[in-house]
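In structure tokens below, several structures.
Common to both upcoming complexes is chain A, partnered first by chain B, then by chain C.
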Partner chain A sequence: MTGPLSRDASRRGPQRWVAAVLGRHPVGAVLVAPYAAFLALVFAYPFGFAVWISFHDYFFTAPGVPVDRPFVGLANYTAVLSDPAVRQAFGNIIVFLLINVPLTTVLALLLATALNGAIRGRTFLRVAYYVPYVTASVAVVGVWLFLFNSGGLVNKLLGPLAPDPSWLVSEHLAMPTVAIYVAWKQLGFFILLYLAALQNVPNELYESAAVDGANRWQRFRSVTVPAVRPATTLVVIVATITGANMFTEPYLLTGGGGPNGASASPVLLMYQRGIEQGQPDVAAAIGVLLVIGVVTVSLINRRILERP
Partner chain B sequence: MTRVVPDIAPRPVRRRGTQAAAGRASGRGWTVLRPVLLAAGAVAFLFPFYYMLIGSLQAEPDTSPAGALPSTNLTLGNYRDINERVDLLQSLVNSGIFTGGVILGTVVFGVLAGYALARLRFRGRGTLFALVLLVQVVPFQLLLIPLYVLIVRSYGLADSYLGMILPFAINTTAVFVFRQFFLQLPDDLFAAARTDGAGEVRILWSIALPLVRPALLTAVLLTFIGPWNEFLWPFLITKQADMQPLAVSLANYMTNVAARTANPYGAILAGACVLAAPAVALFVAFQKHFTSTNIGSGVKG
Partner chain C sequence: MRRTVPAAFLVLSLGLTAACGDGGSGTKADSSAKGPITIWLSNNKEELAWGNAMVEAWNGQHADQKITAQEIPAGKSSEEVIGAAITAGNAPCLIFNTAPAAVPQFQKQGGLVALDSFDGAADYIKQRTGAAADQYKSPDGKFYQIPWKSNPVMIFYNKDILAKAGVNADNPPLATYDEFLATARKIKSSGAAPAAIYPAPSSEFFQSWFDFYPLFAAETGGKQLVENGKAQFDSPEGLRVAEFWKKLYDEGLAPKEKYNGDSFADGKAAMAIVGPWAIAVYGKKVKWGAAPVPTSTGKPAAEVKTFSDAKNVAMYSACKNRATAWEVLKFATSKEQDGALLEATGQMPLRADLPSTYPDYFTKNPAYKAFADQAGRTVEVPNTANSITIWQTFRDAYSESVIFGKRPVAEAFSEAAKKATGLAGQS
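Let's turn to the complex of A and B:
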């Protein structure tokens, strides 16, 4: 017994020292190195760079040309905040979120509840629901343009009730139509999240509620809704983040945020100001403001939703 | 809405009878409402796809309700038209290389990272995991301007596959999925392998990896959606038409060319069908790998 034990101890001496510095499995650091380098290069550094740009007078130059990029303090931010187009875009996003997030949450939970448990054609329905989510927005925008243009099928079906000006060219309807489009497009993913949450609700809760005489609706209100609350928090936060960062939809569906910027989003303006008009500093300031806004809204949402 | 149905049911006396009966009566409302709700959902989700296909086959756009029904005078002309304006094959190849590169990077480096984060104790593990969580919070759009400056201006990677792939090279959600699946494997398995003297890389390759093969497919599917459907980033960095993925060339056709052609919607919808088909086919074929349990475990990470 003593032989192998002492040999073991002597070998463990330097090993323990290595373990104290590098951890029990130093090889782990090697395995994560590519991913860590990727995160540093593509997220951490550009993140800091974005904030830096927003506080400097930054413009595009040919690579390697030494130019002076003076610190300008909050000048980019004041320029952004006094720009009516930017203010309008942030207002648009608030309208968008007020329509899109409640619609997404309610419909996703309702459809997930209906889809939960045994039902004929469940696989077909599940696939049908996530098909829009897995399809490129550029492709489905094509068919929505076809459906919702002034002479499109939707207006033909509505007949005299068709809005004039039509959905995507009306200042009042463009943003709500985009909000409904995004809800429709993303719903499948949120249904999947709710389905996962519903599977963890213990059946006994429903049974005891039924014994207490609660009907379907009461059981839904008093058992399902509280039980999936963590999923609801996740759905609301993810829907807010994706919605606030949209670009493709206003760019293609309403022809660049039209009419008159009524459906412009902050990211669309980042593209227009930063890339098209060559003001990356202004675009970076919009980006920083957008992130601060989204994080604030997400924290408030979490507070409200997680309140007991 | 569920309440409405039992109210019109002509048996109010029975319903008031016992508590259990009340539950059953409203349950009947749900048994009617549930299939209606599910069917309405299926129609709402699938009809636009059906209409996309029909629209792509019409020689003249017919937006009347009758036009939504399949008729006899359908043609493949729109596909020929879009192919004349946009090189569909080249665009598909570009989309494929972009997507393939991201999947390769994610599977190779993401598995290594997921395994190490789940199973190994090493210095810096906590810091890295905190960074991974932070990445989930920082939206890609904030990084748009600095990444454009770095990749296009500093590294000169505009109009290149590498420039397209780089920001998406390792999908963080997939790393979460991998980590979650490695965490679920029993500890004894690893302890036994280590006692037998197997090195960590060997344990990963010949023990852990074969066990998480289903997770690998889920992660590949999840990763596929990102680059295949991505528009903003490749749109920013590709100006040469022969380098553009299909999402970008189709969008450019929609905004620049379509308005000047005879049947703009027909050609757009034909292009949309070509762009949508691979993703839809893949998810229909592998639907059992894309279920709530698989996704849920990844997101809950």
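Let's turn to the complex of A and C:
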């Protein structure tokens, strides 16, 4: 009697260990492994490296060049936080997010709802909204420069109401203009997310609301908005993350974060400091602060949006 | 479990990073080694044609030391690509488009070979370039670049626009600041062009090379932005240049908004600050003339200095066959190859006696003569630590005070000068 029992016990030992490491379904762990490896190699390791760099006096060298990379504690963070240009860039990105994220979310939901209905030219309109998203930024930026420069189409239409200084050279208007540009460019992608979510809203809900006497606006507010809430969470978080990582627009649209730094973003400064000026340690500190900020904002967004 | 896995990734990555953070073992190359080498050329069409012909000429005589040439890989800038190649250890032996402003950084990265390690190299450089070669020495007294070619910048003007504005188009008054401003006002008020001159008002660090710096070089008689570790741009001369540009911006003679295209070619600006490359680009489209950059007192043209806009050749430390690379360097900067470069591109080889070395060329192409004369009076960017950071610091102060007028020029320049001096003093 004791023999088989002790054999079972000895088998259960390694099994328990395997279960502890790989979970109750080891096949699942095996299937997940390639993505986990990808994540570790492409995201976790570079991120960890960036954190490490941000605490050291670091610059890129040719292989084999013996250099000291002493631990400097919070020195890079102190340098970054005491730099007015960095503080201005973080302020700019807050302005950008406050305009861009609500604008993107509201417009994407309204347009997706309209495109989900039986309207003429629906397919054409769906494609039309998606085109800016898949078009190269350089080309689209060129079009916006023609639209929004002093003698551009927008100012010609506005006539005497055109702002002076113009959109992209006004300290107060440059960032809002960039925020509107990014909302327009990315709208197609977010409309697509909402369209997918709208397919899953049961028609019966609308029918019941109609029977109860709800008008079109009440049906939108009381049925559509709550039904697509998970999509809204996703849209808000993705728009926040992509917006906070903005680089191309200040680099190309406003000529390196101009006017006078009014549209500079933290990622543009990371490029300038880390790549152009050879200070990857300072750039890494900006990056880590940006990650902390984005994660915090995303968690708050999620907490608010997922509240029942 | 949901939180343990990401945390484990982070800890693992930090551990790996800490373990791998410091560089590997040293790689030493022999400066007498010979064999095949790789070089990078600029992607400019004319330069590429010269480079390929030069490579063909070399390869025809050196079957065992062949050159493989390719264009600098695409990137946001050549310097970014070269910096990445140095870090990765796959930079070529020679790059025929090394910006002098980037040399201090490449040197700090351990990416460059001091050319002084080759017999007679320093003498060769000094003999070829003359006294101007000293501007290309690094603070340790060594040459990490060979001065190759310059594009000395001058004022290019559109004769048709000037005539339309009622200005003498054959000899426009542009020598002093007052003359330049009066001409600019005429252009604008007559409606001959929307802008008198249109330098890029954007914030990139290098933009000051084509507005402030040429005039600063002229006004100071040849000072660099930073000399002997001290910033020079907050001097009375620097402030005079800045106030001149500020007037142009304040009066709308130079626009504050980036032009989406080529303002000079499109007839939107009557003048531009350009190098000899402009002759080939605008030659057939615009009836043009060239004048030295202005000074406050209107110095004689023969005394006016300007920014060189040079591009040089450097040898990179990943190079194994360095003896071959050095021989190729000498071959590519020989009198014959420099002449071929001049013929193909119109850019000025950094030679001490350029007009007298190639008299036939300048007789045949008189338009280039003024640039050749100017090439003998050029000022380079300072070869100092944190060079790019200093230029960006200066550009930010210039944008804030000169272009957008948000602060008094003297205050912004003084603050930037203190910062620049501090940066130049760091190793």
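Note that the second predicted complex is superposed on the first by the 266 of 308 C-alpha atoms of A that agree within 3 Å, B and C clash if a C-alpha of one lies under 4 Å from a C-alpha of the other, contacts with A are read in each partner's own complex, and residues count from 1 in each chain.
The rule is short, and it goes like this: contacts are C-beta pairs under 8 Å (C-beta built on N, C-alpha and C of every residue); 3 or more make two chains touch, one makes a residue touch a chain.
Values in this document were obtained by computation on a predicted structure and should not be read as measured data.
Q: In the superposition on chain A, see if there is space for chain B and chain C together, and answer fit or clash.
A: After superposition on chain A, which the two structures share, chain B runs into chain C.
Q: Touch check for A:125: first (chain B), second (chain C), both, or neither?
A: Once the two structures are laid over each other on A, A:125 reaches chain B alone.
Q: On the A-aligned overlay, A:297 touches which partner chain: chain B = first, chain C = second, or both, or neither?
A: neither
Q: Could you tell me if A:255 is touching chain B, chain C, both of them or neither one (first, second, both, neither)?
A: After superposition on chain A, A:255 lies in contact with both partners, chain B and chain C.
Q: When the two structures are overlaid on chain A, which partner does A:59 contact: first (chain B), second (chain C), both, or neither?
A: It touches chain C, and chain B stays clear.
Q: For A:165 in the superposed arrangement: first (chain B), second (chain C), both or neither?
A: A:165 sits against chain C, while chain B stays out of touch.
Q: Under the stated touch criterion, name the partner, chain B or chain C, that contacts more residues in chain A.
A: B
Q: Once the shared chain is lined up, is A:99 touching chain B (first), chain C (second), both, or neither of them?
A: neither
Q: In the superposed arrangement, does A:278 touch chain B (first), chain C (second), both or neither?
A: After superposition on chain A, A:278 lies in contact with chain C alone.
Q: Once the shared chain is lined up, is A:178 touching chain B (first), chain C (second), both, or neither of them?
A: So A:178 meets neither chain B nor chain C here.
Q: Using the superposition on chain A described above, determine whether A:69 touches chain B (first), chain C (second), both, or neither.
A: second
Q: Of the candidate stretches 60-68, 114-122, 186-194 or 258-266, which in chain C collides with chain B after aligning the structures?
A: It is 258-266.
Q: Check chain A for residues that touch chain B in one structure and chain C in the other, and list them.
A: 23, 36, 39, 44-45, 47, 49, 60-63, 142, 145-146, 151, 255-256, 275
Q: Considering the complex alone, what residue numbers of chain C touch chain A?
A: Residue list for chain C touching chain A: 1, 5, 9-10, 12-14, 16-18, 21-27, 76-77, 79-80, 83, 86-89, 91, 105, 108-111, 194, 200-205, 255-258, 260, 317-318, 386, 388-389, 392, 396, 399-400, 403-404, 406.
Q: Can you tell me which positions in chain A touch chain B when the two form their complex?
A: Residue positions touching the partner: 21-29, 31-32, 34-36, 38-39, 42-47, 49-50, 53, 60-63, 110-111, 114-115, 119, 123-147, 151-153, 156-157, 184, 187-188, 192-193, 195-197, 199, 210-217, 219-220, 234, 241, 244-245, 247-248, 251-252, 255-256, 267, 270-271, 274-275, 280, 283-284, 287-288, 290-291, 294-295.
Q: Could you list, by residue number, the parts of chain B that touch chain A in their complex?
A: On the chain B side, the touching residues are 2-3, 6, 19-20, 22-23, 25-27, 29-30, 34-35, 37-38, 41-42, 44-46, 48-49, 51-52, 55, 61, 63-65, 67-68, 109-110, 112-113, 115-117, 120-125, 128, 131-132, 134-135, 137-150, 153-154, 156, 166-167, 169-170, 175, 199-201, 204, 225, 228-229, 231-232, 236, 247, 250-251, 254-255, 265, 268-269, 271-273, 275-276, 279-280, 282-284, 287-288, 290-293, 295-297, 299-300.
Q: Touching chain C in the complex: which residues of chain A?
A: Interface residues on the chain A side: 23, 36, 39-40, 44-45, 47-49, 51-52, 56, 59-67, 69, 85, 142, 145-146, 149-151, 165-166, 168-169, 171, 254-261, 264, 272, 275-279.
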